[in-house]
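In what follows, chain A forms one complex with chain B and a second complex with chain C.
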Partner chain A sequence: MGAAPAPRDVTSYGMGLAAPLALFFLVFFVAPLLQLLWLSLHNDTAALHWGLGQYLHFLTDPFSLSVLGSTLLLGAEVTAVCLVLGFPIAWLYQRVGPKLQTIIILIVLLPLLTSVVVRTFAWIVILGRQGIINATLQSLGVIDTPLKLLYTQFGVVIALAQVQMPLMTLPLITALGRIDSNLDDASCSLGAGSWRTFFRIVLPLSLPGVIAGCTLTYAAAITAFITQSLIGGGQMLFMPMYLYQQASTLQNWPFASAISIIFLLAVLAVVSVFTTLGRLSRGYGGA
Partner chain B sequence: MILNRRSLMTTALTLGAMKAFPGLSFAQARPLVFATFTGSWEEAHKAVLVPAFRKANADAAIVLDPMLSVDQIAKVNAAKANPPIDVMLHDPGPALVAIGQDLVEPYPVETSAYYKDLISEAQEPMGPAPFFQVVGLTYNPEAVKTPPTSWADLWKPEFKGRVGITNLNSTLGTGWLVEIAKMRGGSEANVDPGFKAIEELKPNLAAVAANPGALATLFQQGQIDISPGNFNAIQILKARGVPVEFVAPKEGAIAFKTTIHIVKNSPNRELAFKLIEGALTAEVQTTLMNPPYLIVPTNSKVTMGGEIARVLAKDTAELKQKFVFQDWKKINEQRSAWIERFNREIKI
Partner chain C sequence: MSGRKRTLEAISFELVMTVIAIIALIVIIAPSLVVLIVSFTSGFSLKFPPPGYSLRWYAELWDAWQLHFAAKNSLIVALWATGLSVVLGVAAALAISRSPKLSARLLDSLFMSPLVLPALAFGLAALMLFSLVGLPVSPLTLVIGHTVVCVPYVVRNTVAALAQLEPTLLESSAVLGASRLYTFRRIVLPLIRPGIIAGAFIAFMSSFDNVPVSLFLRDAATDMLPIRMWQDLEGKLDVTIAALSSVLIIATVVMVAIMERVTGLSRRLTN
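Up next is the complex of A and B:
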């Protein structure tokens, strides 16, 4: 009580506050993940014989690889659509008054406030044979027979893009907000046109936001079990459904575990590509 | 031991309380846990079976824990010695898995008062079937004017792009594949003819749904007009005003036994047995047969009525004649290979 305690180093923090969360992660994330890995290293469903059989089976099977490939491709398509549609919204947000900003942010956030299931069902109503799109096109006389939109790759991409759009738009809004608007003016006064300004100034400076948005959208799109299966149907197989089938219907847990681990690694690889790009862009932006 | 007034009083009160509330004497024990299915099953069991059980067993504590068959198996497997579930409900495929993994006890057939009342197909010694699920043809009466009569009608050219099926993840999808294989000379051991038939069905296929529930909603969206369908799923849609009708094909409607099992090492064996007994009674089955539940009974003493008598069977004799039961032991042997084949071959 007598001596004053030594002044605490303000740049370091005790780990105590992080401990509960760390413990939570350890028990509910790391431990199950290790169990998953352990299970995937068995050749039989009873998990008695060790071996790499499940991985070999997946990696030498053209069908399984094609499922992985189409899932990663789906993620790329959805991310591209979100980026192309989301960027203008974020750009607009930075250039309108506060009232419109509130409206834009509300519109962007609105999808997050409804459940994914509800949003996906709305897309079934929109894309269906007697859905809004087909009914409109038919009444306009553009088409005679209804287009097949539901249960197609196109349908899945469109629905997923809408469902995951906030994950792209929000980081973009933040990134664009950080750009000093004087830079635009400077660029213009130095003789650059609008497009040149956009490509040389705005886009490079917003790259951290683009990368963050792409990572989030990509990860969410490829793992979106509900939207993929409801809009894609039973014969368009993506990794989450493949996993579910093996684990749940067939009770083949070791193979399902191997699929999860492979899927996890594939996603990590894609995300690390994004992160590397992000690091490069930081250098670029600073140059 | 010194008996004073206070300790005597306490003992007397305790004994009295134990007499008045028998539940107290095993206060450490947990209530009976019944893992039913989610959705309409849960509603039906909560409204009919549970009250009947409580009435017959002095308000014994019971908890419904609705989950899929596969989750029930996983949960019990994770704690075999002290299972968190006492009574499981299973489709034929998972039932065999549970029995194969030694998770269920044989049903005490000798002490059961109602087991012998069940029609013979429902008498399963490892767990009787209190209900049947029935799969037949479902169609939209507004688009399909002449009601279909056979599975073969799905291949009619007039249904080009109007047919829906599910993949083999579901009991419905697998059972249907076996049935069309049988129609073309195959069997539970040989579904090649079935795969060939689906190949020929492709021009007519509008959708391969991920599960029976998704298939049902496709009627609502006008995406399909005809499909194999579950009798109960269709009744739910019908009640919501969707134009759908169910018809048993002349080859026979596919019947799945929904079996109910006592979990091995259950701490509530006796109550579990009593719950299952309740599910087998003619009273409970009659109530469940009536609207809004329309669950197909297995007790031969139940007099068929309503929608079930109209579209399925008027009595047990007709039921036996119109229902087709499949050999799921055989089906389970090759099911994973079929699912794999379906994944690869069926692309529309």
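Up next is the complex of A and C:
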């Protein structure tokens, strides 16, 4: 009664502003994915007969399962390499002056913003029969005939690791920057050595960054169509190329849809495992 | 005694970490340098080191009309997709950034999901939808598809910039009698502009570089540069691609340098 109306909150904006993008996503993102799901639940290309035939086909076919398995394994290998190489970069970043920090960030950022085809092409030049590695080893007399590096698992892992490195390093730099440097000093003055301090203090406290980096790297590595197909060649088949072949070359859209859904679920499963680990690690880190 | 032992131990740790870090940084930067060097070869192959140096492959690139055509298409689609991403993304970021509502959190997850989901699956799904409603593949379908996968970068960077904004600034402005629109134009927008520009830049680069969505949503009339390059590389190892790659690397370095000046890109991505 007579009370002034509650003052409007001027620090936030109405949800209505999100409506255009929400609508755009509903029509062009959610609807297509639902249609993908719908089509994958049909046994024939004309989509007349409902059934789980496409999924049964995938899950009982040793070839399809091996493609899925090798894709998930590839992601794990790339993520491990990125973590082992990326962590020291983040560590070094915290120990140098601002000038060097900017240089390190720009070196890390550059590949993220350079075209993936260009980055992959660079690895073809490096790993090829006449590439740097073979040329160097031959001139040193280590090998007589060029090593086969292109079109191998090793080549794909190393090229993907370089391509995805920024996704691992950037969250690690953020996480290490949030650690109180006094903890480091305290640990050392209490008699713990540098290695012990690293594994008992720094690494556990940076777990949120490690997990964020691993999630991004893993998701990017297993879907990296261009690098997989150009460095892996025709001999190695991973899920993205398998999907593309079924959809485009063979025009088997229901089966391609089922591959997409299975691939999507695999990615979501990995991401949610990482997210759960992240939540647990934040409790452990004690914020 | 123990002090000396500890020093050795500390040195071994620092040495190992520094050496791995330097090796990692070399691994990151070396491929780009290799491409730059190889592009100046006078030979016909991607042999490294090159047998001699020349500009012949740049001359070759100058005449490669197919690549020019694809580059023009990629540029047009990237500009439209970035523009659309900024308009839709900034509005959405304003709505969800300071809202404690569950719906805001859910929308945030929805808008970010294209970053994690396999883009190839989305590309196929979008193609099926467009063919169902009878919309043939065209620059329009490409712009729509690219916007879905690029808008998360704009939303994320704008939300981050809004989170840094002092709420008291908005309250002061309101207390002093400014309308919301005036406050937005004179206070909010200038403060979040670097965040929007950084997001738009990353969105533009990822659209220009997009393969998985373009693969399904383009045809011969709308050839896109990364796909043209990929198909050229599948067929033959053409040194012209090295010259084109070098041009793209230099362009990226220049743009990143400008963005670093304008928006402090490096701080933005590590905070």
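Convention: the second predicted complex is superposed on the first by the 276 of 287 C-alpha atoms of A that agree within 3 Å, B and C clash if a C-alpha of one lies under 4 Å from a C-alpha of the other, contacts with A are read in each partner's own complex, and residues count from 1 in each chain.
Operating definition for what follows: a residue touches a chain if its C-beta (ideal position, glycine included) is under 8 Å from a C-beta of that chain, and two chains touch if they have at least 3 such contacts.
Keep in mind the model is a prediction, meaning the values are calculated, not measured.
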When chain B and chain C are modelled together on chain A, clash or fit: clash
Comparing the two partners chain B and chain C, which touches a greater set of residues in chain A: C
Touching partner for A:280 - first (chain B), second (chain C), both, neither: neither
Contacts of A:63 with chain B and chain C, given as first, second, both or neither: first
Which of chain B and chain C A:125 touches, first, second, both or neither: both
Which of chain B and chain C A:252 touches, first, second, both or neither: first
Which of chain B and chain C A:237 touches, first, second, both or neither: first
Touching partner for A:150 - first (chain B), second (chain C), both, neither: first
First (chain B), second (chain C), both or neither touched by A:52: neither
Superposition clash, chain B versus chain C, among 63-71, 153-161 or 171-179: 63-71
Those residues of chain A which chain B touches in one complex and chain C touches in the other: 121, 124-125, 128, 130-131, 229-230, 244, 248
Chain B residues touching chain A - in the complex, by the definition given at the top: 68, 70, 73, 97, 166-169, 173, 206-211, 214, 217, 221-223, 335-336, 339-340, 343-344, 346-348
Residue numbers on chain A that touch chain C, as the complex places them: 10-18, 20-22, 24-25, 28-33, 35-36, 39, 84-86, 88-89, 91-92, 102, 104-111, 113-119, 121-126, 128, 130-132, 135, 161-162, 165, 170, 173-174, 177, 188, 193-195, 198, 215, 219, 222-223, 225-226, 229-230, 239-240, 243-244, 247-248, 253, 256-257, 260-261, 263-264, 267-268, 271
List of chain C residues in touch with chain A within their complex: 6, 9-10, 12-14, 16-18, 20-25, 27-32, 34-35, 38, 45-49, 87-89, 91-92, 94-99, 101, 103-104, 107, 110-111, 113-114, 116-122, 124-126, 128-129, 132, 144-145, 147-148, 151, 155, 167, 170-171, 173-174, 180, 183, 202, 205, 208-209, 211-212, 215-216, 226, 229-230, 233-234, 237, 241-242, 245, 248-249, 252-253, 255-256, 260, 265-266, 269-271
In the complex, chain A residues that touch chain B: 63, 121, 124-125, 128-131, 148, 150-151, 229-230, 232-235, 237, 241-242, 244-245, 248-252
